[in-house]
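Each chain gets a letter, A, B, C and D, in the order it is written, and its residues are counted from 1.
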Amino acid sequence: SGNFFLLAGPCAIEGEEMALRIAERIVEITNKLQIPYIFKGSYRKANRSRIDSFSGIGDEKALKILRKVSETFDVPTVTDIHAAEEAAMAAEYVDVLQIPAFLCRQTDLLVAAANTGKVVNIKKGQFLSPESMVFAVNKVRDSHNNQVILTDRGTMFGYQDMIVDYRGIPAMKQFDVPVVLDITHSLQQPNQSSGVTGGKPELIETVARAGIAVGADGLFIETHFDPGNAKSDGANMLHLDLLEGLMTRLVEIRKVVNTF
Amino acid sequence: SGNFFLLAGPCAIEGEEMALRIAERIVEITNKLQIPYIFKGSYRKANRSRIDSFSGIGDEKALKILRKVSETFDVPTVTDIHAAEEAAMAAEYVDVLQIPAFLCRQTDLLVAAANTGKVVNIKKGQFLSPESMVFAVNKVRDSHNNQVILTDRGTMFGYQDMIVDYRGIPAMKQFDVPVVLDITHSLQQPNQSSGVTGGKPELIETVARAGIAVGADGLFIETHFDPGNAKSDGANMLHLDLLEGLMTRLVEIRKVVNTF
Amino acid sequence: SGNFFLLAGPCAIEGEEMALRIAERIVEITNKLQIPYIFKGSYRKANRSRIDSFSGIGDEKALKILRKVSETFDVPTVTDIHAAEEAAMAAEYVDVLQIPAFLCRQTDLLVAAANTGKVVNIKKGQFLSPESMVFAVNKVRDSHNNQVILTDRGTMFGYQDMIVDYRGIPAMKQFDVPVVLDITHSLQQPNQSSGVTGGKPELIETVARAGIAVGADGLFIETHFDPGNAKSDGANMLHLDLLEGLMTRLVEIRKVVNTF
Amino acid sequence: SGNFFLLAGPCAIEGEEMALRIAERIVEITNKLQIPYIFKGSYRKANRSRIDSFSGIGDEKALKILRKVSETFDVPTVTDIHAAEEAAMAAEYVDVLQIPAFLCRQTDLLVAAANTGKVVNIKKGQFLSPESMVFAVNKVRDSHNNQVILTDRGTMFGYQDMIVDYRGIPAMKQFDVPVVLDITHSLQQPNQSSGVTGGKPELIETVARAGIAVGADGLFIETHFDPGNAKSDGANMLHLDLLEGLMTRLVEIRKVVNTF
């Protein structure tokens, strides 16, 4: 359709009911707007600041929910993995394996993901330049897997802020990979004294519009029908009720950009 | 027209012929595209890295050329001032006084500019947050001048790079001032060992599209029919031949954004 | 004596009594410790965030107090200037003219300071690399004045923090100038929402010790007998009662470094 | 002895002969200077930019060499681990398990390291504030292991530079853990276009002196008798011949600091 694609869903899979409910609504919106859609959900959170932060409902249980979402709505799914030995397991359930930003330099993890034959979505480290992501791409390609996506989730700016460097989108497109902008994590405010990462959700549309205008191939967004009570990353999640309006506007910008 | 406005011209006024030639072409383009236009040219460059860098052809001579451009094409003009005592002089020749980014904290300069009654365009310091520009705005308003524009020209990112923080555009619009994005200086690469600031002009369109998409009210751009031989800032100037295409595309994005 | 030298005093000259009282105590300490001393005081503050911030008691009045301090205690003095036309005036009263960090790229100001024949102390812009300060040094030298000092006052790190890059001290010493570390302004926390720059005075000794250990030739410090009631920059000033202890420890580190 | 302690050795264990040769020389120096010493060597490099970078000689082979060094010279050893399942294996051979900076947020890895009962040395992420390292410390302590060390290896400053924030040393000491300064990796120049991280080894002494002056409890340094031919990180390694002189000077600074 010439449209951008969307990776969206809750941060973490908290249960089957919530996953299906969120997926159903996003499928409805993306069908209407002809946006290719991939359901996103983490089955485990491995890098919380605090050991008592929510880290998941159990790996297999969460992965089965991802599969159920896929079968119910006939959509592909994406989840993130945190260690090489998770790759094969996760690959049995999902279509896209995502490499967290902190881990994008871990060769073993990239190679394990590549070896599953699944699409590998690598998040750009907050500490890496867009240009240096070519080395991560090449680790996957050198493992005989050409299905790589790069996702920008912002770059460290002082200790407690992140910034999106939009120059990185054309820079990473030069590696002949689809480039996604993660409009949720780009707005994080890390290193808060509470140990819980903060955010600025009122800027979601600003970050997203700029991304589509400069040619991002896809968007990544975490959304929930009740962000205030989501078990992780609530600070930046978009309320599900706001998704259709946002997507509608972004599709309009995309249509114009497609004519250039 | 609902369109964005444009501050554009050469970096420095090198002579009458070049100023008129550049203005003529920009007027042609902006008339066609219904873009409100302000001719930009510096009559003196006060902050070059090197004492032997080009700093101007003489203040009065350059200011008279600015006036001639204004009269010839019936367009307003903007120039930058660097010391309080320049304000009154420059105000006799131009419509908008611009405060350089390095100087946006200098109270005397802001007040002197405000007291001329002209529009004051304040560039955001590379070292200042968008939010803190409210203090600069208030220095002008407290001097009984409500005609303030804020221009973002990028923010320091390490020693040798700059980045545009697009969150700053909605942040500064909250001060009830028009917000301009300077797509030329945002691409500077400062602190180069040569003492001549470098740039990445191939990214001009990326920076500009994102700015219009997030609601910038105006754009600032330096352009020249021969950037390679311009006497200052050639590294980032847009070739005049590329301006119409760029503006045409940006106007299309603006039209969509106006419908939101 | 092989010791480092010290530029110290209140931020702003608030009156004769306070200036003399602060100078007297510092002279006592520096005589005892054999630290060459230059009394520091601003006669005007030109770059406050807010127009209602304290900006001075009157230029001439304050400059006369600087001269009185110099004559009373037989010490040289330093003050900062903000516009080219201030250079000659200030030079009649003080021994060292200081160029504020925001203004270190302003050629006219550097040349005017140089032309007085006084020592010129240039603060490194928060947005400049140590290496690029050679261009500021050369602007003074090209004006036939070889008495240049460079002072590092920290570098922008995100919007609301500054950091001292100690690599800059040896880097700037390579220009054959004395290099000073400003341990007061290095601890600023700029861009606070109040419009009043904050600070972390408990870290003064940390910043200072590292500076002496890496070979800084001098230190710059603002001190007051009542920092909480100082009319500007109170947030980072050292209490005068703490100065002797701090200097004593730093002199000990210096003695060791001198043996290397 | 009141002295700082030293973690030092080659970046990677390239073979037994080189490990013993380096250890022998460092033991000689540290015995002479009464510096408590821990031999450092990586048995595998998991986060090279390029898949063809040297990644090791085989895990078990390298770990056995670490044990041999320990037995030969009666010194403890430290190595880094990259996945939770490596913890138990490495713990059989070494005394200190080191968590790489990129991985310092990975809860599973920290807990696995903690559960071995060995000392856990956590490197501060280049993207983390010193203050937020308390969360990493607590993950180890909450696993009933109180032997934690924190190591600062610099903080991201723009894409291609790192900077040491010396305020972080007292900040991390407040968590009641020994704080080490890594003077090798602090000087990295990441994100170079070659994919090989560069460096500035001439600044090693600058970085180290400042660290000891502000109270670092230990230093981490990579050293080799032939840095130019080391198989990884040669760009920043100290030549082994320079180690004694450097340590001698640092011990002198430490002695002074100990008197404060």
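Structural remarks
The criterion applied here is as follows: a residue touches a chain if its C-beta (ideal position, glycine included) is under 8 Å from a C-beta of that chain, and two chains touch if they have at least 3 such contacts.
None of the values given here were measured: they were computed from a predicted structure.
When the interfaces C-D and B-D are ranked by how many C-beta pairs touch across them, C-D comes first. Chain A maps onto chain B through a rotation of 180 degrees [Cα fit, steps of 5, range 0 to 180]. Comparing the CA-atom centres of all chains against that of chain C, the greatest distance is found for A.
Computed centre separation for the pair chain C/chain D is 37 angstrom, with centres defined by C-alpha atoms. A separation of 33 Å divides the Cα centre of chain B from that of chain C. Spacing of chain B relative to chain D, judged by their CA centroids, is 48 angstrom. Annotation for chain B: residues touching 2 or more other chains are 155, 157, 159-160.
The touching residues of chain A, counted against chain D in their complex, run 46-51, 55, 82-85, 102-103, 105-108, 111, 125-129, 131-132, 134-135, 138-139, 142, 155-156, 159-160, 190-193, 195. Put simply, chain A touches chain C in their complex at residues 157-161. On chain C, the positions that touch chain D within their shared complex are 155, 157, 163-167, 169-170, 200, 203, 206-207, 209-215, 249, 252-253, 255-257, 259-260.
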